[in-house]
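For reference, chains read A, B and C in written order, and residue numbers begin at 1 within each chain.
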C-alpha cells in the first residue's frame, strides 16, 4: 500500500487514462499531449490546466476521504475529476471564481463517485462511470448563469422549436476522416482531429480490442447521424460521436466479455446512443447546458443493468406492501426481495 | 417451454393486452380492433402498423436476449413495445427513418424492461410497468427534433407562461360520455370514443373487477379535471384521464389485493395522478415532448413502493458512512442494510 | 404506544420541529410563532393556516396507513406535510381548489415519505429528509399552471438567457444581519429576519450544536453567494442560504457524528449546496417552479450516500449480466451483490 502513496503522478495519469477505461499512465500522458495540442491550436490553455488541476484535486480528495485504496491507485477516483476540470473552462470564461469552481467541482466529483459506488454499483451492479462528471458538469454550468463572477461562453439556451427540420446531407470524404477522429477527441471535449488521433493511439497502446471498439463506435455513430439527417455543423465537430464511442467500448469490450452476441448487443446500444444524443441535446437545451457524456451514461446504465434470472414483476399483487395485506406474517418473495 | 415458442402470435396479443395488465389474447385482439377503428376513422394507419411492428420486435428481442421465458410468454416484454410502436407514428410523420426509429425503440424498450426488472423490481419490489415506454418515447420524440429525416407533428414546445389561467367550465352531458370513453382510449393514444368503448369491452372480457376499476378511474379523473378547471379542449380528448385510469387499475385491483382500505388508497392515488398529469404536461413542455403515461408511472411507483416495517431514517447518524466513524468495526443496522 | 395516540398536538408540533431535524414540541411551537409573525407582517395568513393543515393531514394520513408507530410519534411523517402546507399558499393564490390541493398534497407527502423509507433508506441508507416535500411541491406548483381554478403568483418561467451576468456587489453591514436571519427563515419560506431569529432560537433550545451548525451554514452561504456574485436581490431575501443551512446541519451534526474531519466534509457540502442552488434555480426555471429545498436534498443525498468498503466498479466485466456470460453457473461477487 505504501508504494501507492509515493506515486501521485502515476495515479493522476492512470485516472486520465480511465476516461477510456484504461489503467495505463503512458496512455494518460498521451491524452494530456492531445489536450495540449488542442490548446496550442486554439490558443486557450485553460482546458488543459483545468484537466490537470481536476485530476489532482479529485485524486487527493479520495485520499483525504479514505476511499478504497486500490481504486484510488487505479485512477478510478480521478477520471471524473479530469473531465470536470477540462469541461468547466470549455464553457465558462477564465476568472478567479472559475478556478474555485474547478476545485470544488473536482472534489465533489469524488464524493459523487463514492455515492455511486455505494448505490448504483453496490446494489444494482451498475458502474458509475462518468455519471458523476455529467451531474457535476450540469450543475456547475447551469449555476454559472446565476453567478455574476462567471460568464458562460457556450451556446445560448433554446427551445426545441429552434431546431431546423427536414434537411439531410452527405459530407465529403476528407470531412468523414475529420469526423471519425473528432468523434474520439470530443470525449475530452476536443474538436480537433489530430488530438483525436493521438487519443486513439493512446487507447491502442493500452488495449488493441479497446482501440478497435472505439474506432468501430466512431464509424457507426457517423453513419447513423448522417443517415438520420443530423445537423451537419454539429456532426462535423464530432458531437454526435463521442458518447457512442464510449458506449461501443463499455458495452462491447469492457463491462461485458466480448463475443459475437455481445457485439450485436453493443451495436444496438451504440445506435441507441446516437438517438439519445439527439434527444438529450433537445431536453437540456432550455437550461442552457450541454449534454456532456449523458447519452453514453444513460444508455450504458440501461444496457448493463439487466441481470440473469430477474423477471419483470407479474401483474399480480406485490408482497409486503404497507397496506396491501391484513395478515402481517406474509414474507416477501424473490421478486420483492 | 417448447409450446411457448410455437405461439408467437399469442405472445404478441398477450403483450398487447398487458398494457391494461391483462394476459388474454382475445383482449389483445380487441385492442387491435380499437386501434384499427381509430386508424380507419382518421385515415392514418401508421399508428396501427407501428403498434404491430413494435410488439413483434420487442417480443422477438426478448427471445434473442434469453429473457425470462415465462415472462416473455405472458407478454410482459411486449406491452412497452406495442406502446412505443403506437406512439412514435402519432407524433412523428411517416418516413424511412421513422420505421428505423420504431424498430430500434421497440428493441430498446425490451432492454429497458430487463433493466427495470433487475433494479426497481428485484431490489425495491416496484413493477416497471410502462416506465420503459415513457423513457423510450420521450427520448425518441425529443431526438426527432435533432434529426432532419424526422418531422415532429405534435404541439410546439412552450413555457408555463403560455398556459391560460382562471377559466372553469362544465361540459354538456353527451360530451361527458365522450370524455369517459376517450379517457380509456388514450391509453393507446386513441382520441376516439368508439375505440375507447372497444378497449373497455376487452378489459371486461378478461376481468370484471379490472373493468370496473377502469371505469371508476375514468369517472374520478373526469370529475377532478373539470373541478380543477383544466383546459376543456384537453379534457375532451381524454388527455386528463388515461393515466388515472391506469392508476385506478394498478393500485386498486392489480398490484394490491382489493379491499375497502385499498379502494380508498387507490382513490387518493387516482386523484393525485390527475394533479401529476397537469404538472408533467407543464414540466416536459419546454422540451417539446408529450407526458405519455408518466403521470401514472410516477404515481404508481410512489404508491406501490411503501412496504411494511420500513421506517423513515431517524434524524440520527447513519451507519457505516465512509468518513462518519473512526472505528471500522461498526456494523450496519436494519435501516442502513 | 397508547400514549402516542393521545397526543396528536404534540406529534404535530414535533413534526413541525423535524423540519430542522429536532424532536421538540416547544421548538415546533416557536416555529409556528415565527410563521405567524411573518403572516402578521405581510397580512397573508394562508401560509400559516396551510402549514397547520398540512402537518395535521400528513400525520393523520400516516396513522390511517398504519405507518411505523414510533416514527409517526416522533413527527417523522409530519415535517414534509408542514412544508407542503406552507409552500403551496406561498406560490398559489387562495381558492377552494388551493385547499383541496393542500390536503391531497399533504396526504401524498406521507405516501412519498413511506416510499422513500422503503427504497432510499432501506436499501441505500440515505434519509429521505425533505425530498418528498420537494417532489410534491414541484408537481403541485407546476400543475397549478394547468388548472383554471388555481393561479400561480410566483415569478414567471424563464430561460437561462434571462439571467444578468457579470455583476458582483458587497452588501452593507445591516443587510448582512438581515441576510443571516433570512437564510434561516426561508427554510420555512419566510423572507422575514425576525421570523428567522425566532426559528434559530427554537433550534438552540432543542440543541446547541444544531444551532451553531445552522448559524455557521448561514454565514458560509452568505460569503460564498456574495463572493460568486449572485443576484443581490435574491441573496438579500435569504434565498441562497436556506438549503446550505440545512446541509450544514444535516452533514455536520445530524447524520454524521461531529468531528473535525466531519466539519471539513460538511464545509465542502455547504459550499457545494450554494453552487447547486444557483444551478437548480436555472434548471427548473423553464417549468415555472421554485427549487424549494432541492439543493439541500440533492447535496445531502450525495454526501451521505458514500459507505465504507464500497469501491467503484472496476473497468472489467460485470457479474451475472443477462447476456454477458455463456455459463449460467457464475455467481455475483461483492460489487454486483
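Rule of thumb we're sticking to: a residue touches a chain if its C-beta (ideal position, glycine included) is under 8 Å from a C-beta of that chain, and two chains touch if they have at least 3 such contacts.
Bear in mind that the values here come from a model prediction, so they are computed numbers and not experimental data.
Student: Count the residue numbers both chain A and chain B use at their shared interface, divide by all numbers used there, and answer same if that is over half, different if under half.
Tutor: Looking at both copies, the contact residues mostly diverge.
Student: Nearest 5 degrees, what's the C-alpha rotation angle taking chain A to chain C?
Tutor: The best-fit rotation has an angle of 120 degrees.
Student: Centroid from C-alpha atoms only, then distance chain A to chain B, rounded to Å. What do you get?
Tutor: Distance between chain centres: 30 Å.
Student: Provide the list of chain B residues touching at least two other chains, using ranges where the numbers run on.
Tutor: Answer for chain B, listing residues that touch two or more other chains: 65, 114, 118, 123, 125-126, 265, 286, 306-307, 322-323.
Student: In the complex of these two chains, what residues of chain B are touching chain A?
Tutor: My answer: residues 18, 21-23, 65, 68, 70-71, 74, 76-77, 97, 100-101, 104-105, 107-108, 111-119, 121-123, 125-128, 138-152, 156-158, 254-257, 259, 261-262, 265, 286-289, 304, 306-308, 322-323.
Student: In their shared complex, at which residues does chain A touch chain B?
Tutor: 65-67, 114, 118, 123-126, 159-161, 163-169, 227-231, 265, 268, 271-272, 275-283, 285-286, 301-303, 305-307, 309-326, 328, 332, 335-337
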